[in-house]
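Across the two complexes that follow, subunit A remains constant while its partner is subunit B and subsequently subunit C.
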Partner chain A sequence: MFGTLYRYELKKILTRPYILLLLVLMVGVTLFLNVKPLLAQEEVAYAEEDGTLVFDTVSRYEAIQLERRFSKEDAGCLLDNEAALEMRELNEYYLEKTIWPVSFLLLNRFLVQDAISVTFLNPMGDWTDQMADKTYEAIAYWQEEQYQNQRLTQKEIDYWETERAGITTPYTLDYAKGYSGILSMAQWLNLMVLPFVFVCLCGSFSDDHVYKTWPILTSSKHGRKSLVLARLVAGETLAGGALLLLFAVTAAIQFFVHGAQGAGVPIQLLEVENLRPGFGETRLCASSRVMTAGQGVLVTVGVSLLILLFAGALAMLLSKLFRRAIPALALPLGLMLLSLMFGPSYYSRMQVQIWSYFPTRRISEEFLLDERLVSLGGIQLESITVSAWLYGLLAILCLVWCFWLYRRHVVEQE
Partner chain B sequence: MELNMDRITKQYGAKIAVDRISLTLKPGVTGLLGANGAGKTTLMRMICGILRPTSGTISLDGLDVSTEAYRAVLGYLPQDFGYYPSFTGLDFLLYMAALKGMERSRARQRSLELLEVVGLADVGRKKIRTYSGGMKQRLGIAQALLNQPKLLILDEPTAGLDPKERVRFRTLIQEQGEGSIVLLSTHIVSDVEHIADRILMVRDGQLIYDGEAHDTPQDLEGFYLRQFEGGGM
Partner chain C sequence: MKEFGTLYIFELKKILGQRLVLVSLLLGAAMIFGWNLLTFASTGYYFNVYDAGDRTVERQIGNYGAVEAMGRDYLRGLSGRLLDDPLMEQLAAEYADSDTGTILSNLGGYSPFSYLNTMLGQEVTAQRFYRDKVRRFEVNQEECLLTDQEMAYWQGKASSLGLFTLDYAGGWQAMARDSGLLCQVAVLLSAMCLCRLFSEEHRTRTDQLVLTSAKGKTTAFWARWAAGCSFAAGLTLVLSGVYILVYGGFYGLDGFSTALRLWSLGTLPLHLSMGGFVLVLLALLVLGGMAMGGLVMLISELLRSAVLALAVPFLLSGITVLGLFQGQGRLVQQVTSYLPFSRISTATLYDYFLVPPFQLNAIEFSVPLYVLLALLFGGLCWQCYRKYQVTGR
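Right after this comes the complex of A and B.
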């Protein structure tokens, strides 16, 4: 019986014509955002096994396949001085040998040069033979710089210093671009699904009044408890399902293009691209977290899911509170747009920190770099823990409130 | 089987919509006549447990109106029957059957049976938004009958039905009344004069007439109008 009600509640949402259209549109945009960068042209240089030097102009997709091909040689190797020196010497050898007028980096030791590059160091820098050591020093420098940028207190710095000490060096190299690709898309997926959820669920309870079905619903045997539970679960399924669908599409494309290897690479070696034109990529080398690429993706998807579950619960609560779909849609959508347009004063750390927890702000390229702790009863909590608890509890609160309101209004007093 | 109402009152501020009505209904069809605004719908909504009386109690064989067991044996067609336009007729009945706690296979069988009974079998798989007013009303009647209710409350059920449909509907209700308590409200006398076993009349929230059908004067229409003379009809 619950299953049937759940199925019909889900059907009620999905059979609105514009809902399927929006869903298709979101999947389309996701495909576009994932595929478009692959069509760009790129110049590549690499040395074949017989020593032949190849220069070519290929699509980004083909360049990635070449990166993957050459990465296999370095996968599992450590980022140490020896590897860095070998990479430099190989490049220098071919630079001297060729008459090519511009400098180039061979794809042959791609993982080594890419790992050095993420720290803003020139992998070809010939001022030291200890390039790997310099890379780790640069990472430490960016991590400490991050403390200043986020205006961490001494207590927070101490916390992250302890955390940072747990990072194992030298890093084991692997090709993890599939994971950084997913992280790059996360914010956009959230920003697409949030309004979609508000649109889908703003009428979940008000429709009973619009279509005047509430008398037959509430006078039926299961119209007072099972129905509301089925409706809440269906709403949350839609909210979570839409997000997971888009993440699944993204993961499928990213893993198809880049491969799924590299889950164990430390996040310090990842670059998260900013899809907004004119904004540079975010380099996670500044993070002090002991976290792998795979864990980073799981955490991002997990927190995104909790945000969407909260958004779904909020939409249903507002639908019950207002008994009208328009205000139930306008309020969260308006707040969402305002939060995207305006921000707090940069000079107030607390304001900036609170603002960063807003649903539209939480999942950004810099989500994993947020090292500002929240002190709760003397316990220092990390931003990821706070986000999970905050959105999890808010979602539960909205669901319980909605359930209570429904049960309270099931018999009219007036 | 008895539906007991004990001094049911519903007051909205200074206005008394239903005024201390006490009744006991037994199996059979009871017609509830009254002008628009007489308090019929308010009384029926209280019987269905969706409107709380200001005072008084309602119970069916000792089951309070607020219990799930009471709602399990209730069938209700509201005056303004609502539906989800994107559902097909069959979907809507299956959805309502789930709400009434019916098993899936039984629900399907009963839904198809009722679609046949109310003459919607051909359009059962079409969206309700494509139905005419009469078809929607017939669907409303079908949903009320899904769980073979012991207590069937029909608020102005013939609204929107054409003469042929009205005749079919009366037969259906008469059959239903053989084993259940059926309370049918209307302001059209002909709806109840041939099928009701008992006639109730309400005016300004008060019960002004309660009589068995065979005790009611032959000219029910005239008798009914006389009850409301000067009553604002």
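Right after this comes the complex of A and C.
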């Protein structure tokens, strides 16, 4: 019976015409956000195998394919002084050879120059022959600056010092732009699905009250347990399913364009772009985490999924609590809006930390950079662990509360 | 006409009878009051402790309320004085005292003091201040995507600005600064109360009864639409009144007639007083609220769904707050700047785009636009309403 009711509840949600329209719209926006940057034009320079120097203006998609082509040669190599010097000498050789007064960076040793420039160092800087060592020093500098930016306590700094001592150097290079692309999209997918879930589920329980069907439903054979469980699971399926669908679309495009290699690259070599024009990118070299690109994506998707499951549970709870769809929709949307409009004072570390756990704020470009720990009974928990427990427990709490309200609100108790 | 009046009052009563209306009013008032409490309790780097000996400024964490009170007392002492060369000279001389210098360095919200703070130790005159900072329209034309005509228009406005009379205008400045919050609160709360107005008839299946009645096709529709629009305007007016009272209570209402350009935020050379600018924003809010109310009623009738009618304004507001329209080219930026969430905010102080053919600036164009949009949404809503006939199903 549970299975039948579950399918019925899911169908009930999905057959509303505007739900499908919104789903299609969200997939469309996801496609647009993934594809739009690929159409931009950029200038590239590379040397062919026969030594011919090529300058060209190509689309970002074509540039990525060239980056991938040249990255194959360096994939699996270490970022050491020797590789950095070879890259610089190759560029210098062609710079001297060319008759045009232009400066360029060849795509031929793309992985090496990209890994150096992620720290804001100029890969062509001739002030040192130990450029890789300088790169690791720069990474350490950014990591320590992050401690100051986030106002970490000495205890937290000690924790992250121990953690980052575990990062294996020299880094093994690979082309991991597909993973950066997914991380860049995560915030926007999260922000899109959150209101969608509230719109879809705000009427899930209130409709029974509006149409006065609740006395019949709660008096029926399967109305007290199977029905409410089926409805709750269907709501959570929609919330999680919508998010996973959008992540799947994103992953498919990103892996098609960039390839799926590079899952083992340390996150310190990744850049997370802000999709808003003019907002630049966040460089994860400032992170002290021992984490690979693949793990970074899995953690981000996982926490995002838990946030959406909590949102789904909250939407159904509010629907049951208020017995009307409009307040059940207006309250969470209003709170979401306020959390986007206002931020806490930078000077209060506590406010900033609490604010960062708000569903609209948690998944951001800085998610993997968050090094503020939460002390719980003497145990230092890091932000990812806290996020997983917090949203997981809140989701369960909302579901249990909703289930309890439903079971309590029956004809004999009215 | 009599039937219209009766139906209008009936519809208005129906809207006002919702529990949500009272909740909205209380919520809106609580948010305006709560935001001020939070602001006054907030801390930041305010106390720029000034040392007159070596002319250095040391930043210190201070309380917003205390800093505001310090500036208010000082400016009230200068109330009504014309900012001319002797006064500018006197103000510059006051930096010789560390305590007064500390107060002056905290008055960056007022353009003459912001100018004095950046020119510390250099020769300053009121003439130079007016010439360099007030009567010169200085923005990056390429970055702001402005035409030569727009540059000339604003330069013309800037050149004719008069001398400033000093006064404390913290209350009106704060009202203009936080107008974005008032707009969000007023527009979204009125949307919350109006989103069911038309969809409810479809849900309760009473549309058939209404449409087949004698006055159901036209009079009943326009009475309901007018009631919806007047409710949106009424709620906005009430919240605006609460807004002025609360800000007056926290800051005081002096400085109404000080020049808008005395405020250092924005470089829009409008010939408006500070209080006048706030009143213009509030008037635009009433019109914008009616236009958004019209849009909500249109969606409510068109899609027969209260949820979507409420979700659309929230979505528009969210996109504006996230700044997703920025950097998308002049056309997108200009069109979306007329969303009430953007227009009734400090963003207007940076909106230099003009609308051809009459070269109307953003404020001048918003007035007819909102009125026309409210009527257009009403007309479209009526079309949908009339099309949905019993015989047409």
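The rule we apply is simple: the second predicted complex is superposed on the first by the 412 of 414 C-alpha atoms of A that agree within 3 Å, B and C clash if a C-alpha of one lies under 4 Å from a C-alpha of the other, contacts with A are read in each partner's own complex, and residues count from 1 in each chain.
Quick note on the criterion: a residue touches a chain if its C-beta (ideal position, glycine included) is under 8 Å from a C-beta of that chain, and two chains touch if they have at least 3 such contacts.
Model, not experiment: these values are computed from the prediction.
Visitor: A:Trp401 in the overlay: touching subunit B, subunit C, both, or neither? Say first, second, both or neither.
Guide: A:Trp401 contacts neither subunit B nor subunit C.
Visitor: Based on the superposed arrangement, let me know which partner A:Pro215 touches: subunit B (first), subunit C (second), both, or neither?
Guide: first
Visitor: Could you say whether A:Met1 touches subunit B, subunit C, both of them, or neither, answering first, second, both or neither?
Guide: In the superposition, A:Met1 contacts subunit B only.
Visitor: For A:Tyr357, using the defined touch cut-off, is the partner it touches subunit B, subunit C, both, or neither? Pick first, second, both or neither.
Guide: In the superposed model, A:Tyr357 contacts neither subunit B nor subunit C.
Visitor: Is A:Tyr61 contacted by the first partner subunit B, the second partner subunit C, both or neither?
Guide: Neither: A:Tyr61 stays clear of subunit B and subunit C.
Visitor: Tell me which touches more residues of subunit A here: subunit C or subunit B.
Guide: B
Visitor: Tell me the contact category for A:Phe255 with respect to subunit B and subunit C: first, second, both or neither.
Guide: Touch status of A:Phe255: no partner.
Visitor: Under the contact definition given at the top, report the residues of subunit A touching subunit B in one complex and subunit C in the other.
Guide: The answer is that subunit A has no such residue.
Visitor: In their complex, what parts of subunit A are in touch with subunit C?
Guide: Residues 18, 191, 195, 199, 202-203, 210, 276-278, 325-327, 329-330, 333-334, 336-337, 340-341, 345, 347-348.
Visitor: In the complex formed with subunit A, which residues of subunit C make contact?
Guide: For subunit C paired with subunit A, touching residues are 20, 23, 42-45, 61, 180-181, 184, 188, 192, 195-196, 203, 303, 305-308, 310-311, 314-315, 317-318, 321-324, 326-328.
Visitor: Under the touch definition given earlier, write down the residues of subunit A that touch subunit B in their complex.
Guide: Against subunit B, the touching part of subunit A is residues 1, 4-5, 8, 11-12, 15-16, 207-208, 211-224, 226-227, 410-414.
Visitor: For the complex, which residues does subunit B have touching subunit A?
Guide: Residues 12, 45, 48-52, 66, 68, 71-72, 74, 76-78, 80-87, 91, 94-104, 107, 143, 147.
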